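Worksheet for the structure shown next.
Chains here go by letter, A, B and C, matching the order in which they are written, and residues are numbered from 1 within each.
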Amino acid sequence: MREIYMGLVEQVRVKKPLVHHITNYVTVNDCANITLDIGASPIMADALEEAEDIAGIASAVVLNMGTLNERTIPAMITAGRAANETGVPVVFDPVGAGASKLRNETAVRILQEVKISVLRGNISEIRFLAGLHAETKGVDAAEADLQNIEDAISVAKTMAVRSGCVVAITGAVDVVSDGRRCVCIENGHSMLSNLTGTGCMCSSLIGSFCGAAPEAPLEAAVTALLSMGIAGELAFERAGHNGNGSFHAALHDAVSKLDGEILVGRARLYEA
Amino acid sequence: MREIYMGLVEQVRVKKPLVHHITNYVTVNDCANITLDIGASPIMADALEEAEDIAGIASAVVLNMGTLNERTIPAMITAGRAANETGVPVVFDPVGAGASKLRNETAVRILQEVKISVLRGNISEIRFLAGLHAETKGVDAAEADLQNIEDAISVAKTMAVRSGCVVAITGAVDVVSDGRRCVCIENGHSMLSNLTGTGCMCSSLIGSFCGAAPEAPLEAAVTALLSMGIAGELAFERAGHNGNGSFHAALHDAVSKLDGEILVGRARLYEA
Amino acid sequence: MREIYMGLVEQVRVKKPLVHHITNYVTVNDCANITLDIGASPIMADALEEAEDIAGIASAVVLNMGTLNERTIPAMITAGRAANETGVPVVFDPVGAGASKLRNETAVRILQEVKISVLRGNISEIRFLAGLHAETKGVDAAEADLQNIEDAISVAKTMAVRSGCVVAITGAVDVVSDGRRCVCIENGHSMLSNLTGTGCMCSSLIGSFCGAAPEAPLEAAVTALLSMGIAGELAFERAGHNGNGSFHAALHDAVSKLDGEILVGRARLYEA
């Protein structure tokens, strides 16, 4: 099992999949850089007029609605559908679902009109999309929703069955499920929540690994979250005491230096 | 007096106010990260369709016209008015006022249509908005305007009386006035002007402190500028000799490590 | 000859030219910061309504189509033409030319409607614009195009003659030609391709030097690429072993610390 994750880290560096992002302008630079850190190749392009062309040359598509607007929503739908037609995996990050009518409707519409391979969000966002009661505090998980792992496992499985996609809920413990299997990842560090965009960067890593292994979205998502969690630990060990700025740089350092051996040596995960 | 500023640094970390930004795409990542550094929670959302919803769940709204356009200007007005209705403080950063007709008209329009709690700009921008003669060199203060502190004090007081908002003019010495009182802050470092977005980051910090203490916009603005000034000094001491990139990371480090004791220990300010 | 490049580094710091960018939201923060690092002053403004006003106060205009859209394309044309009318140099970075119909048509349109001083791209992008066979892999040069220096020299000369602009092709060896002369720059480091935006940053540096020496676009482009190449070497020496994040910060450090002496001491270039 661990050999699969180990192998994916090597594969992404060999295959260098092109990952098409339609994403927000807040964290886009970190998303592009973490895609390069892990060994894939990012292309950010959100004009409707080129959504099909770019999705057509990509190995994975990442749709992130962090700063969605009337111009980018149709581009997301078009890019997603174009990817569906050629079997290119689509990762969807429903940033802030629950926080506004526009976000709620857009998230539902994307899930209806595009076949998603991996849906990644925090517990509040995924609870909302699963039709369960959710508190929302902007783009971060509400404290009321940070209950327990059993709850996250149940939400992930329910949503995976209902949506037909792999569901990844990130938090203190990350939970990934395809409806049948469910993997829990204990790696990570609380300092990751001091930086904007660590959720978005997880989605970019999922896109990168999906691009390298489109046939294995569960394993791709797990490997991505392991990578981020372990990089967070390494960044904290080296630079966390300095503060957020040094931690930020050290996080990119750690992802760029990651290899299969580090991943397997530090992975703390179990099936639930 | 200093106990107020000290207390605000503790309060923002306890209350974690949600700060809604409609801001530019140049410095948005730094704005989100400095909001997290100081202990608040950022949400960046500029679609007109969700401006009311997001302003409605926020504790403060920051309007920054750094890269304004026809899509975001109405969103700023709508978010500002929604905040006004529920008494949520609005911070306005008129980036580049004086540099183009579009910026001039938009700044005037926002000041007319939205009740602003704190207006923050450089001396050229605030002189322009006060109807005084101003040189403009893009988004940075013109050298001709960098005259003397007495002038800045006079401009801040005049504009505060005229506009009814707290006016914060940042520069070598920062000046904050509500029309009656006027506080001058001597903290800071010239290297701050080597980085893009240090002005925008000041506005995000003001929004963060206003979110924690909406009843005290003058104190919120002073605490924000003290925080930035002191963080700039600390960043220079630790990393300034390396160059701009290290200074940039060290600035986020310093804000994330700031506490009331550091603030009071290093504050250099006086009333004028 | 080297004295010219050395002098330009001093000149840009004295003249502090205002560089108007209409650029992408992925790398815009790095572009603004590198413009400040080298001593120039950035202004990012992409609204059509202010394109003329801002171009009118700038010393150089940089058009970068990294995340082009229906709103920014007319702004680029308008800003470019306004700059042409007053003799302000225009730098064009045709990011991703060859990757979509929208990019192809926009690049051709800009070259037709705006007089460009310096055109900078990777070998795939410039081959495409020169009407030569090109592979494209998103926004990075395709491996099939990374052939040999002779080829890049030939493409640069051909395109320079055909377009009437200075053409700069960046890669392992950078090539700059005005159709008659051709300068090859061997400085640089492979780690630069691990970061997003190093190409865009080259264009911002070219804009900065063009703003300081509008009469000498070839020399401006060579000085810019020397600056980036040498900064990449210095950043690698100091921080490359840590990984991409530290290298990123060290790159800004190195550009901000660059002076004419370092430039001349480390320059490795020849005319071809």
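Here, a contact is a pair of C-beta atoms (placed from the backbone, for glycine too) under 8 Å apart; a residue touches a chain by one contact, two chains touch by 3 or more.
Keep in mind that what you see is a predicted model, and the values were worked out from it rather than measured.
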Numbering shared by both copies at the chain C-chain A contact, with half separating same from different:
different
For copies chain B and chain C, the superposing rotation on Cα atoms, rounded to the nearest 5 degrees, equals 120
Would you kindly tell me how far, in whole Å, the mean C-alpha position of chain C lies from that of chain A?
32
Indicate the residues of chain C shared as contacts by at least two other chains.
25, 29, 71, 248-249
State the interface residues of chain C toward chain A in the complex, per the touch definition above.
24-27, 29-30, 66-71, 96, 99-103, 136-140, 194-197, 242-246, 248-249
Touching residues (chain side chain C, partner chain B) in the complex
18, 20, 25, 28-29, 32-33, 36-37, 41-47, 49-50, 53-54, 57-58, 71, 248-257
